[in-house]
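A short write-up of the structure that comes next.
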């Protein structure tokens, strides 16, 4: 059948040329390639997440970590805290006791603070006087205590990971850690996995 | 009118097929979708910005923070520093005096260093001896003092935010802080907002 | 020649319309623009790299830095460590001696730890007792020593940069640093360059 169409022959030739060189087929291929690249970029893009290593066991630094953590959740961010080394004892429950510790573990158990209540300031501790002063001041200024912060963090869904190597080194047992819904135990790989996908990472 | 075109019927059929399945219309739609995704990725992409929390009040750490800050500006980066907790007193002006402090505020005011001049080393302070030695050494080696660093940072446009909660806790008043063009006062939300859009974040 | 093609006139008109308004030519231009934007995004995207500033000279913190560094390499990440200030002496070789130091340099040389063996805990050092205890504990728990960590890091290809300003301040010479294949000396600009292209940055 002969095509009866209302277009000029020139248009048809142009169309044919466009479709041939750099034409539809080629555009589709380019688009496919870009889609793949865009998907790769999207996958690599860090999430709206904050990852913190809490290495320090100083009251002021752990407080800062929780202020940042709860603030981030309030802004809609996903928050993960990794407690390692001196930070680990901050998560001990002062009312829990566990047995089966070796001599070294018992010694560490006595020397390390039992939870957030027993933690001290990094500066001006002055034999506990500075820490007590700061706590009174925080109460007076309506700043939440570390205990309240921990509770709030749990309610807000802040995930806490505790470093297993630190637990092992200090002879700490899971049975003596605080009751926290979103607590888990892990190694450095887990932290790196979370940190790599986070927009903000801090070592505290 | 009958189209007189110099193309073969097979080409026309191919063209028609291309335009139908995965054709121009479809390509345009795909392109639109990709544009939206690309714009989202571009918006989420962190800026060429450095955000630092200066938590420490140690001379050496604050010095490191300013070396990094001024270095980053020199490389064309936008730089924001958040002074919190022990870092806050580093920004007190040694020549300014304010009244209206309560007993606790007065006590803190006396105990905390008045600006960068009174800050001490985190290690080997040795009752001030190590700090004095380091200062002499820095002068000898032509390393800028903290006072010079602060001035340079201001000239370079480094933005400084001071944590309001820390100011309140330590009883510090805005009237006793250094004259700095790009200073402002804020809470943790402001830091997180800046940090989220930054390529580099550090907790010092 | 008259085209004998098996398509309807309506299809041809539609094709022509599609090619004219928002047609192939336009699509190609849009695609080009998107390619440029996508390439810019890809270029800015941080690499799978970890940059750490090791400012601290505390045994526990440097240990944490190496645990993170070697863990990251094991996960396929590129790792760069910047040793500055108190971290610098951690890289001194205990068996190397260099001459030509001025009085200040000699004094620092004696006071600063000579390599990882002489480093102390940041907390509970207790006149060296705590540090010794921790070392025994680490051996017992099969945690690698700092010396072993450094060796492992070298084998794994962890790049180490030493801050030249710190070396100069403390009077340290390159001749007294450890034998490490991937060691180099740099300023803050180098760190910022690496950090800017990294997914994770930490100040330790």
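Chains: A, B and C, in written order; residue numbering restarts at 1 for each.
Keep in mind that, in the parts below, contacts are C-beta pairs under 8 Å (C-beta built on N, C-alpha and C of every residue); 3 or more make two chains touch, one makes a residue touch a chain.
Note that the structure is predicted; figures quoted are calculated from it, not measured.
Q: Would the interface of chain A with chain C count as same or different, where same needs over half of all numbers used to appear in both copies?
A: Shared-number fraction below one half, so different.
Q: To lay chain A over its twin chain B by CA atoms, how big a turn is needed, in degrees to the nearest 5?
A: Between chain A and chain B the superposing rotation measures out at 120 degrees.
Q: Can you work out the whole-Å distance between the CA centroids of chain A and chain C?
A: So the centre of chain A lies 20 Å away from the centre of chain C.
Q: Hunt down the residues of chain C that sit against at least two other chains at once, touch-wise.
A: Touching at least two other chains: 2-7, 12, 15, 19, 23-24, 27, 31, 34, 38, 41, 45-46, 201-203.
Q: Of all residues in chain B, which touch chain A in the complex?
A: So the residues of chain B in touch with chain A come to 1-7, 11-12, 15, 18-19, 22-24, 27, 30-31, 34, 37-38, 41, 44-46, 53, 55, 57, 84-86, 104, 111, 165, 168-169, 187-189, 191-193, 195-196, 198, 201-203.
Q: Please give the residue numbers of chain A that touch chain B in the complex, ascending.
A: 2-9, 12-13, 15-16, 19, 23-25, 27-28, 31, 34-35, 38, 41-42, 45-46, 48, 50, 60-61, 64, 67-68, 71-72, 74-75, 77, 122-124, 133-134, 137-138, 140-141, 143, 199-204
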